[in-house]
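Both complexes shown next keep chain A, but they swap its partner, so chain B is in the first and chain C is in the second.
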Partner chain A sequence: MKQAIGTIPLFGLGSGKFHDAVLFRGIDLATLQSIEASWTPMFDAAAAENRPEDAHWEWAAKALQALQNPLNYELFGIEADGETQGMMLVVKGGAKCFSRHPEHPRMPLVYVDFLATAPWNRRGLIETPTYKGVGRVLFMSAVSLSIEEEFAGRVALHSLPGAEAFYRGRLSMTDMGADKDYQNLRYFELSTTQAKQLISAGP
Partner chain B sequence: MKLCVDNDWLRRQIESDPIGEVEAGRGIRRSADVVNALESAAEYQKPKDRQAVQPASRSDAALGLLVHMTRRRDRLSVAQFAERVRVSAEEVAAIEKDPSYSPRPRTIHNLAEYVKVPAKSLLNLLPDAPAVDHSLEDAVHKFAASSDDLSGLSRAERRSLNDFVKFLSIYNGGTKTDGK
Partner chain C sequence: MKRTMTLNLTEAEMSVLERLCEGKGLSKTALVRQALRLYKSVDERLERGEKVFVESADKAEKIELMVL
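Right after this comes the complex of A and B.
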């Protein structure tokens, strides 16, 4: 259900050095409980006083049980210091998995349904985030999955406004404009050529 | 799965990445958001949801029929065909029986290799593929109309299957083919 892929580096902004973290594929109830215990109160101060009841976890456990061995999606997570540092859900089949890029229209790709980092890693929420690199590692997991699925590294996503510069500038994705069918978020694609260039990129 | 880059690559890139936001897609603030996202992704595999995005004029059974007739042409059981195509027998059965079933992309790739048509052409036969032009629909309808479920292929069925495979092998969906 939840399997370690390997140890990856995250940059500790407090310590000024790299720390080991573990990249996972899949999810378990403990991950969900860690999100509820650590992430939610930082997003919503009132949430700490309204912790989910047992029925919530019974529902979550049943849902996870039913969602084992999915055919068309993969969930990735990063853990360090006993906490979930970030998560990403990637979809491998369906209407969103056809390229809109002029380089290869309608070719299959993987679509990032969500990429989320822990609130303590977000510049928008905290002045000095704990770790840098969570988004980079999760995104490269999506590229790796795309290669594994024989999609040549093609990846698509809808960026939140604060992250557009990262996807456009640092990951060299093509900005295909605001998508009126997705809350006007800008739609980005990493083409086959861009994926090759990204993987072979120097510092 | 193995990461396509090593930890030295990650360290170099992360070091020069600015401290900034990286969030994409739906907002995740609590455990229920994660479970809801997973359920939405899983729901998409169910027929009733795929019907909603299916173009009305697309023939439902084109891919299933192509697989079924190819299998009959080669006189293979579902299990034997699945072994040749390197996918599970359950998935071959699902493709043949459930017109709204969307196979794994790798399955499409392997099927295309077996039938000797570009994978891109087969992608256009999926229930959730975006509609492109009428030539594909015409070819699908003609192919579907010619089929009958007998044990071996009749001469007419074999001709129809050959014509359809020939059409798929040159069909480019109105765009340049990429050689795949």
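Right after this comes the complex of A and C.
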């Protein structure tokens, strides 16, 4: 089931203007078909050296996982121009949802399992990406969910190497180093204080 | 849609619940919800034949978690 949460502005890099997009909670068959029909061919067409680290993610399998366990999983998506501009799968309960941050060890948090923007919104694949800010809007949805769940905005994730600078620099998350128990990916957390600062900073 | 239930707890259980709520910054509802999610995620792993271990801080002891 897919439910529109609201309209959000996305900055069009080609037009230099903001465009309306819709933020959704949940997923439906049309979204999965849109990803399969539009994202996959662009990922497949990318030269091996440019192929994004997440190109192999199977969103249909992730959607099924979320639908089978609504207690622990939530999916968010953004649509504009009749296309899926980004998707995110988050976990809100279970072993991944305990903070490791020194500010509040073991406090509950929302864990971002997967976050991806459409291939045409990525600088590595397209010279002038269509929209800027899709990843940030999705991430802020995780922060909102964290507040809704009484987790005070705390969010955690393991980052693929290509996205580390985004989480460290643009979202000011705490880089807590490589996690040897999780494919050696670096573990990032947005603490309660950082969440407040990020919300105050605005879009 | 949300549904409401009455939960009967002993004094000791209520005391633990309240202490956890205070420590985690959660309401009783949110804490029970988190406990349910954790229980479910552990139970699902065990159902799939996976094992869940708890390791001591010095890694000297490793205990397999069993769920009834």
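Operating definition for what follows: the second predicted complex is superposed on the first by the 177 of 203 C-alpha atoms of A that agree within 3 Å, B and C clash if a C-alpha of one lies under 4 Å from a C-alpha of the other, contacts with A are read in each partner's own complex, and residues count from 1 in each chain.
Everything that follows uses one rule, which is that a residue touches a chain if its C-beta (ideal position, glycine included) is under 8 Å from a C-beta of that chain, and two chains touch if they have at least 3 such contacts.
Nothing here was measured: the structure is a model prediction, and the numbers come from that model.
Superposition model on chain A: chain B and chain C are shown in a clashing arrangement.
Applying the stated contact rule after C-alpha superposition, one finds that A:Leu190 touches neither chain B nor chain C.
In the superposed pair of complexes, A:Val137 makes contact with chain B only, with no contact to chain C. Contacts of A:Met87 after superposition on the shared chain: chain B is touched, whereas chain C is not. Look at A:Leu71: by the touch rule set out above, it reaches both chain B and chain C.
Touch criterion met: A:Glu149 reaches chain B and chain C at once. In the superposed pair of complexes, A:Met107 makes contact with chain B and with chain C alike. Comparing chain C and chain B on the residues of chain A they touch gives the larger count to B. Chain A residues in contact with chain B (one complex) as well as with chain C (other complex) are 71-72, 92-95, 97, 106-108, 149-150. Across the complex, chain B is touched by residues 5-11, 13, 18, 23, 25, 27, 32-33, 35-36, 39-40, 43-44, 47, 52, 56, 59-60, 63-64, 66-67, 70-73, 75, 87, 89, 91-95, 97-98, 104-108, 112-117, 122-124, 129, 132-141, 143-145, 147-151, 153, 157-160, 162-163, 165-167, 170, 199, 201-203 of chain A.
Those residues of chain B lying in contact with chain A across their complex are 1-5, 7, 9-32, 34-35, 37-42, 44-45, 53, 102-106, 108-109, 120, 123-124, 128-130, 132, 173, 175, 178, 180.
Those residues of chain C whose C-beta lies close enough to touch chain A in the complex are 24-27, 30, 33-34, 36-38, 40-42, 44.
Interface residues of chain A facing chain C in the complex, by the touch rule stated above, are 69, 71-72, 92-95, 97, 106-108, 149-150, 152.
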